[in-house]
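There are structures below to look over.
You will see chain A twice below: alongside chain B first, and alongside chain C after that.
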Partner chain A sequence: MLSCVNPDQISGLAWLGCYLSTAKHMAFYQSFLIVLLLIAAVAPLAILLGLLSASASRARFFLIRLPGTLYIAMVRGIPDIVFFLFVPLALDQGIEYLRHRSLCSDQTGSVWQGNDFVVCDIAKMPLSSASQWVHDFYGFALAVVAFALVFGAFAGNVIAGAMAAVPKAQLETAEAYGMTRRQVYWRIMFRQMWIYALPGLSNLWMILIKATPLLFLLGIQDIVYWARELGGAKTSAFTYPHPDWRIWYFLGLLVFYLMMTWVSERGFTYLNKQFSRGQSMAINPQKEGA
Partner chain B sequence: MSASCLASFQDYGLRAIGYGQRILPKSDITLCDQFALIGSGLIWNVFFGVLAVCLGYWFAMAIAVGKASERGIYRRFSSGFIFLFRGSPLFIQFFFAYELFVLLPKVGVTLDLWIAVIDLETRWLTRAWLGALLVLICNTTAYSAEIFYGALRASPRGEIEAANAYGMTPWQMFWKVQWPNMMRLAWPSYTNEAIFLFHATTLVFFSGFPAWRQSGDALYYANYFADKTFNPFVPYPIIAFYFIVLTLLIILIFGLVNRRLNRHLPDARRSRLMIRPNLIR
Partner chain C sequence: MKKIILATIFAGVLAGPALAETVRMGTEGAYPPYNFINDKNEVDGFERELGDELCRRANLDCVWVVNDWDSIIPNLVSGNYDTIIAGMSITAERDEVIDFTHEYYPPSPSMYVALSGNNVDVNTAVVAAQTGTIQAGHVASSGATLVEFASPDETIAAVRNGEADAVFADGDYLMPIVEESGNELAVIGEIGIGGGVGMGLRESDGALKAKMNTAIDSMKADGSLNTLIKKWFGDGAQTF
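Take a look at the complex of A and B:
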């Protein structure tokens, strides 16, 4: 077994082996799991939000239709990164503001004092006495909400298109059989639309993968953070001194993402084949742009 | 517009390109300051977006034709290029490119163009205006090339056969038959691509490229104000407003081109602009 006690006395591959298994590198490897965790958490939430907004945008009642269409349209016109910066901060302030109002109702005055946002100590979220993992988890949860909001709108867009692509004749037939609107929705529309939504959703999945490095902007210790941290030049004061190696770390990340894309492409080709099986008509759902 | 508001615009309206007040507002930040400074940052977004679209368009066409080529080497190179830039996040591409440019040896090349002598220095690559622009050009080239390639393959077969029958050279056939068809079919998707690209320019100053003398883009300043005032509810809606206007402008311009591309077709067969933008790369 290798001994990594005195790294300055070993060289070559042994040194590299020791270097790549330091505690900080272990944290780096774990941050890849954070990326996968984010994708796993955001994907179902985004589909749910997409279903809600797409259904809302098709509602008969004006007051339900308006927020649905507005939500989908808004995310389209504004760069997503604005949402990633805005939503967590706004959400954090909103939660702290509400807690401030309910927990410290004796304090008067605005929470925005000049250039500061001041709430009383017990309204802080999470409490300053909370352990580190609570802070980490809270930050991650805010990131998940921001991602889900943006991708929910994208998914809403795709699903609304898929709902419109379900053959009208089928819906009319269902109505002619005396089904209620709810029955038509659940028994015909909801089941048929997935095949039309699949190309768009697969595109969205690719985009979600490629959006994950933006976690870095939310102050989460993700792969970009560690790549910069570990790659930066280390003087001989460190146990493992090395020059600026950031380019190699980023090359690693590039390869990681290319591999994720390649595997996903394979997976979706397979899924598409599976879904198309047994469909009597040649389905050519409109391809997503870009 | 009140006098103080006019002063804000005079001080900060061109701050992003180095004119006006050198020091950014620190306290007593007014709404006008925010509008002026974020608006000046938009100059950079437009600079990156317009140049990348204009240059990327030509490269994309070359790559698309390369991907459709019968020669294996062109096809493989084009497919590889497209996979590399479409398969990885733009954010990582920026970081990687910056580190790469930093490592390049510092040399200068002098180009003598008869009318003007240009000194090219590799250190400029580490500046956002050139380095990030190069990455954006490569990125939009890859995405547009995929769109153009799809359109090229969907060009009507009969027209190509007719062109052959008329004895057109391949060069003539491309510019007179395939290219107009390709543009017409690709234009709606290409409009979306242009919109994403303008949105993607906001990433530049959040990746490796440093903002030189605090001259950043719109999001750089919006983020600055959100940090300074600790109130995200003003600067982010302002940048959102600016980008919605920019997006509408792009749709307008591209819509006019789309009308011209489809002018020979009866109304029912025209391809409409389907605006489905904002998919991150």
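Take a look at the complex of A and C:
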């Protein structure tokens, strides 16, 4: 076991070992989990939103079709970064405003006092007295919603395209067999569209992985924040002074993201095989000469 | 019966010891010796010690929040935290948006730092400064070419790798870096700009401002503020 009591009296590997196991570095290692957690939370939500919006955008009734197409068109057209900055802010202030109106109904003044957005203490979300992890979790949840909204729209477009790509002859045959519209949807279209959606979804997945540093913009201490913070030159005000080491930290991030890409590629190759089972050769991208 | 017991427990929890008001202290955590995040992953520095002492005197329960310098004022006015205690000079522009307490650190000079042996004219050269600082404003109006960076550390790195000819920042931040650079860096100029450093508060938060002012004044009166300044900025630092 290393003794890290007097870091200025040790050198070489022992120093490096102590340096890499400081509480600050532990927070850095933990932030990798935050990134993985974000991807794990956003991906299923985005697929769900995608399915809903794609189905809505193909509906027969105008009133169902409108929100689906509007959502997809709007999010695809507005820069991501605007959404990432707008959604968490609007959600946070919206929630606090509603809580203020219901919990402090005796206060009649506006929540806007000059530049300040002021709600009563018990309407704060989370409460000022809540512990730090509650604040962190709340911030993370807002980020997940923002990511899911943006990627859900892209997924919606991909899935709508995949639904349209399922051969019409098959759907008509199913109807000829006497299946209802619902049965055709669930038994024929829903099951067959995945192979068409997969290339687009795999592309989206890669973009999602690459977009995770945007967490840093939302004030969440992710891997990019820590790489910059830990890599910057440190004077002897710190226990472990060192020159500018940012290049090594960013190199580490580079390796991490490359590993993620490599693992994802393997995963998608496997999924492609799975979804191709039972499909005719003409639409199997794995087969040569297709 | 169960309900009564439950109710008593709840009442007990709520009535418990009178809880001090929680105040969230916002800081940058990247500006030693004012404030930085130490290797234990805690906010440390002059303002950490000062803030904890002010909260003790004002009988407030303080928690520390780290926020990027860029968005430190917007996040205060939208209520993410209640104070800015981040080496922020009191200026007229900032005072239009937020309020300041009395100064807790007297005006101290800003410095130009460049690579040793380089002959730099700070009024025509490329000068690095942190975005949204009074130093960035000064460089922009000095005739030099301003290159802005989001964090203080990046402004120093820009001089070291040749992207900028000089950096302009608070002398208190630059001096330890120059001293430890082994003659790689040198101070090439010194100007007094801006007023002292105060704690930033929402304009609507008059009660907190009054409490903090009382605490700052009492630390000035008993000399403990000067002791703290000397501890973090050296014996040569300006005191009250």
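Here is the rule we go by: the second predicted complex is superposed on the first by the 280 of 290 C-alpha atoms of A that agree within 3 Å, B and C clash if a C-alpha of one lies under 4 Å from a C-alpha of the other, contacts with A are read in each partner's own complex, and residues count from 1 in each chain.
In this text, a contact is a pair of C-beta atoms (placed from the backbone, for glycine too) under 8 Å apart; a residue touches a chain by one contact, two chains touch by 3 or more.
Keep in mind the model is a prediction, meaning the values are calculated, not measured.
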Given the touch rule stated above, what does A:247 touch, chain B (first), chain C (second), both, or neither?
-> first
Could you tell me if A:37 is touching chain B, chain C, both of them or neither one (first, second, both, neither)?
-> neither
Mind working out whether A:263 is in touch with chain B, chain C, both or neither, as first, second, both or neither?
-> neither
Report for A:232: first if it touches chain B alone, second if chain C alone, otherwise both or neither.
-> second
Go through the superposed model and pick first if A:98 touches only chain B, second if only chain C, both, or neither.
-> neither
So, does A:212 touch the first partner chain B, the second partner chain C, both, or neither?
-> first
Have a look at where A:86 lands relative to chain B and chain C in the superposition and call it first, second, both or neither.
-> first
After lining up the shared chain so the two structures overlap, which partner does A:64 touch, if you call chain B first and chain C second: first, second, both or neither?
-> neither
Please tell me which partner, chain B or chain C, touches more residues of chain A.
-> B
Could you pull out which residues of chain A sit against chain B in one structure and against chain C in the other?
-> 89, 93, 114-117, 228, 244, 246
Flag every residue of chain B that touches chain A in the complex, lowest number first.
-> 27, 29, 83-84, 86-93, 95-96, 99-100, 102-103, 143, 146-147, 150, 188-189, 192-193, 196, 199-200, 202-203, 206, 219, 222-223, 226, 228-233, 236, 239-240, 243-244, 247-248, 274-281
Mind pulling up the chain A residues that touch chain C in the complex?
-> 22-24, 26-27, 89, 92-93, 96, 113-119, 124, 128-129, 132, 135, 219, 221, 228-229, 232-233, 235-241, 244, 246
Note which residues of chain C are touching chain A in the complex, please.
-> 19, 22-24, 29-30, 32-33, 36-42, 45, 61, 63, 65-68, 71, 75, 77-79, 82, 97-98, 151, 153-154, 156-157, 160, 176-177, 180, 202-205
Sort out for me which residues of chain A touch chain B in the complex.
-> 75-82, 85-86, 89-90, 93, 112, 114-117, 154, 157, 203-204, 207, 209-214, 216-217, 224, 227-228, 231, 244, 246-247, 250-251, 253-254, 257-258, 261-262, 287-290
